[in-house]
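In the part that follows, the structures are each spelled out as structure tokens.
Heads up, the next two complexes both have chain A, just with different partners, chain B and then chain C.
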Partner chain A sequence: MTSVNTSLLQKSDGSAELLLGSTKVIASVTGPIEPKARQELPNQASLEILIRPAVGLATTREKLLEDKLRSLLQSIIVRFKYPRQLIQVVVQFLISDSKRTETDLVDYTSNDLNAAINCCYYALIDAGIALKASFVSLSIAVKNGNLTVNPTVYELAQSDSHHVICFNIEKGKANKILLLESQGDIKEDELFAMISKAVEEAEKVHHEQQRKFVKEKVENDYVWKQ
Partner chain B sequence: MSRNTEISTNERTYFIEALKCGLRLDSRRFDEIREPQISLSKTEFGYVELDWGLTKLAVRVSAQIGKPYEDRPFEGLFQINCEISSMAWAHFDNSKNSNEEILIARIIEKAIRRSNSLDLEALCIIAGEKVWNITVDLNFLNFDGNFVDVGCFGAMLALHHFKKPDISIVNGGEDIIVHDIDERQPVPLSILHVPICLTYSFYNPGNKESNLKGEDDDEIYLLDANLIEEQVREGSIVVTLNKNRELIQLSKNGGIPISANVLLDLSFKSMKIVDELTELIKKVISKHEKERYEELNLKMLEVGADR
Partner chain C sequence: MAELKQVSFPPDVLARIAPDISLHRHLSVGLRPNLRNFTEFKPVDIASNNEITDSNANVFGSSVIKSGSTTVINTITLGVVEVNRSANAATHSNNDFTTVYPVVEIARGRSGAPTDEEMILSQTLHESILHSRLIPKTALSIKNYGSAVYDAATGKYTIYYPDLNPDEFELINFNHSKSYSFVLLSHIKIFSKQVSTSSLFDLCHMSTIQALSRLALPRVYISDTSSGTKVSIRSRSSNTRGLVGVSKSNINLDSNKDLYYPLSLNGATVDGDAMVDSEGPFDASGVSSNFGIISIPEEEDRKTVLLADLEGEAEESSILSRLSIIATKDNVIKKISLVNGDSDSEITLDLLKQAIEISKIRAQQM
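Entry: the complex of A and B
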């Protein structure tokens, strides 16, 4: 179950709220704006990425997620288009599905990361930031060779391995892996089988959700042209 | 969008001229607040999304078991996190807290935590050993003025909505069992009173001198200012009251001087709105409780004769 809402924050250039399973996240994109002197890069846009947790203040957990998100967004945003500018991305988790109970010691971050990446896609499109290609992220749990896409935290806990995989999508085809975060035991051939199944799934998400969203958005934004 | 906070002289003059004619840009009355839009979470306790005009806020209350302070063994812990990120407005810096941000956090903290609105002794499980640690996270999503009033209202709403899991003490006070919310009905927090913050912004359409001398009382007071109104204002005061007509806080940090009469007048005027907002919290919560009661068929659980 996925639902997306965009342009809900008036003070940001682009924003999106994504409900994916039982994870709810809101992302805002502001940019290109004037950077602080120490952020400025002479020939490309700098990125400021902030992730805020649903409960409490940001810790090293959020810093790690920020780092993963940064490496992905850095390679997908056309940064040379905005030299000496700043693009601010803030991701706020509203409902997080990373622990089975509040006192659980194990923290499964893959659903959070997955939701954050997908939410950023919609927010970046909403803000009109130039992207080299589309991207789709999937959270996958593998148990006895069976795949579950968008697993719950219980399914993650019982799986043999779980993965967050993000594909670069060009002309409707997934052609590159942008990010792969894996946890648990998995054999090489199983991993390849998982990736090839994920490709189909990602293309499906792209065609059924992202394309539809972008088409509607362009139609609505350019309604004055007709 | 830019981080620039300045507004143009034209805009400013237009706004002041409109005020002189008794008009606000969003056609509210001077003492009218924006209509709050509340959505309470159906699946978990203590999660509230609040739209107050264009100001947007998500509040979450959470509870953990912790150890009390040594000098206060009977009291639970209660904290309010109120960090404002650049999501709300690019003007807020992510790496350092601005004075504005600290002030907002302090005023909310003073209104709720230091006024003892939450019964901390009711949070005690085993004296000196285990207490509930209640945390309120205020996440501001969009800024259109008045974070203080919205934050305070949102926090109180979420505290009313929140329920902590039931516990039992076993082994003669040695251990505790935390019951899952599906196993036993969770218990609401004990809230002693509901503080409501109201912010008035001041404008001086006349000249500075007459204001300083206090010759003529032509200053204008606006309740619940939005962003433009906040940027143009020449001073503000936060009045925190509760339904019992207790004055909890008056906070005026600089700005143009106002006369004591005005202060009394504003406090009196606030009472009506405080009553309305308190009533709104009660109404929304009891409606939500009723829906939940019917949805979960809790009637089935009520055993024994109704006495």
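Entry: the complex of A and C
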């Protein structure tokens, strides 16, 4: 179950709300704006990433998610287009799999990371920030060699390994891996089988969801429509 | 018209003002700025003595490792929490494991709030040990806790355990039905940091595994008054002090070292009170290795190379495509963290395979 809704925040340059499985997240993009003096970079845009959990205050868990998201976004945003400027990305989780009080399950951050990345894609498009390419992220659980895309937290808990994989999409083809976070007991052949299956899945998501969304968005937002 | 002279800098000055150019020049002659080969790891020394644990009553496991001038000191202390027994009924395979709670501190000559780097290192360590399924929850649960009994004749306390002193224990009026578990608190201090953040994670991971493999857990007993105890740890349940119906019992760690027992890690065999010699501490956990990928210009073409164990300012600031792998010697990968940060030097699947292969070989040699 995936649903996207954009431009819902009035005061930011771009925003998106994404429901992916049982994770709901809202991302806002403000920028390019003037940075604080210490953030300013002479030849490219600086990024400020803030992640807020669904419940409570941000902890080291969110710091690590911020770090992963930053390493991805700084390579996909065309940063030299906005020298001496700041792009601020705020990700607020509304519903998150983690820290469910009714369960005693261990904490998995992979669904959160996956939802944050995908939501940032729509928010960056909405803000009109130049991107080098499209990107699609997938959360995958592997159990006995079988893949589950967008697993629930229970499926994660019973999996052998779990992965977040983000592809760079150019001309409708997933041509390189931008980010891979894999944990658990991973066998090498399983890993490469997972990657090749994920390529198909990511292209499917790109064609069926992202392209459709961007097309509709341009049609609706176009000022001179008939 | 004045002729514009070409400015030249000595190598160490160039390395500071243009680290990327300096790095490219080094790599094009087949050397790294730290004079290592491309896939050569920095040697790591692991201290074999157990001095910190032996001389500090509240430290139950420790390790000291050195890589160049970088020194990592890891001490593990214990906490006791009450566990909710009914919650464990459901069987979730990954839910049977727990992790350490690390606090990483990089000595910089000033104090203050932890930096992002320290927070990220701690959290990565916390998550990777959890997901590598190393510490079973059962290994930390406290079984057969004893009771301290005051003997009025001698004026001393004696501790009786249900498994060690079954006859005496039957006579004690012992009605304590709560279950407790240990929590592992790992304090990691890093001195004279020289290596990159990703190499620092490798060292922290290694030191935590080393400290865990040496960890000895004490017996726990309950006393009704707090007097006469050596190490007293307040349980989390006693946060309700001052409310109605709080028992005055204290949870104590027995400092009798003869009763210490080793932590049984998942996949590691424990023989008596020490790990079997043929088994290394890193067999079950794996060894963490990190790589950077950078392309260097080479006559008309560019060549992409894999650099192992990043070190120094030049490598840290100019290499954005990074790879971190925890592999065991049994061909199982516990963690991969890959970021393709540089579009010129892309991590291909072949490079990933190559890096996995190197990590496995390194795990076999540790």
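Keep this in mind: the second predicted complex is superposed on the first by the 217 of 226 C-alpha atoms of A that agree within 3 Å, B and C clash if a C-alpha of one lies under 4 Å from a C-alpha of the other, contacts with A are read in each partner's own complex, and residues count from 1 in each chain.
Here is the rule we go by: contacts are C-beta pairs under 8 Å (C-beta built on N, C-alpha and C of every residue); 3 or more make two chains touch, one makes a residue touch a chain.
It should be emphasised that the depicted structure is a prediction, and the values quoted were computed from it without experimental measurement.
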In the superposed arrangement, which partner chain does A:90 touch: chain B (first), chain C (second), both, or neither? first
Look at A:44 in the shared chain and tell me whether it touches chain B only, chain C only, both, or neither; answer first, second, both or neither. neither
Contacts of A:209 with chain B and chain C, given as first, second, both or neither: neither
State whether A:148 touches chain B only (first), chain C only (second), both chains, or neither. neither
Does chain C touch more residues of chain A than chain B does, or is it the other way round? C
So in the superposed three-chain picture, is A:177 touching just chain B, just chain C, both, or none of them (first/second/both/neither)? second
Which residues of chain A are in contact with chain B in one complex and with chain C in the other? 103
Please output the residues of chain A touching chain C within their complex, sorted ascending. 60-61, 63-64, 67-68, 71-72, 74-75, 103-107, 109, 132, 154, 156-159, 162, 168, 176-188, 191-192, 195
What part of chain C is in contact with chain A in the complex they form? 84, 87-88, 90, 92-95, 97, 116, 119-120, 122-124, 126-128, 130-133, 320, 322, 331-343, 346-349, 353, 356
For chain B, which residues count as touching chain A in their complex? 1-3, 41, 43-44, 47, 49, 54, 56, 58, 60, 62, 64, 81, 83, 85-90, 94, 135, 137, 139, 141-144, 178, 180
Under the stated contact criterion, what part of chain A meets chain B in this complex? 8-13, 22, 26, 28, 30, 33-34, 48, 50, 52, 54-57, 88, 90, 92, 94-95, 101-103
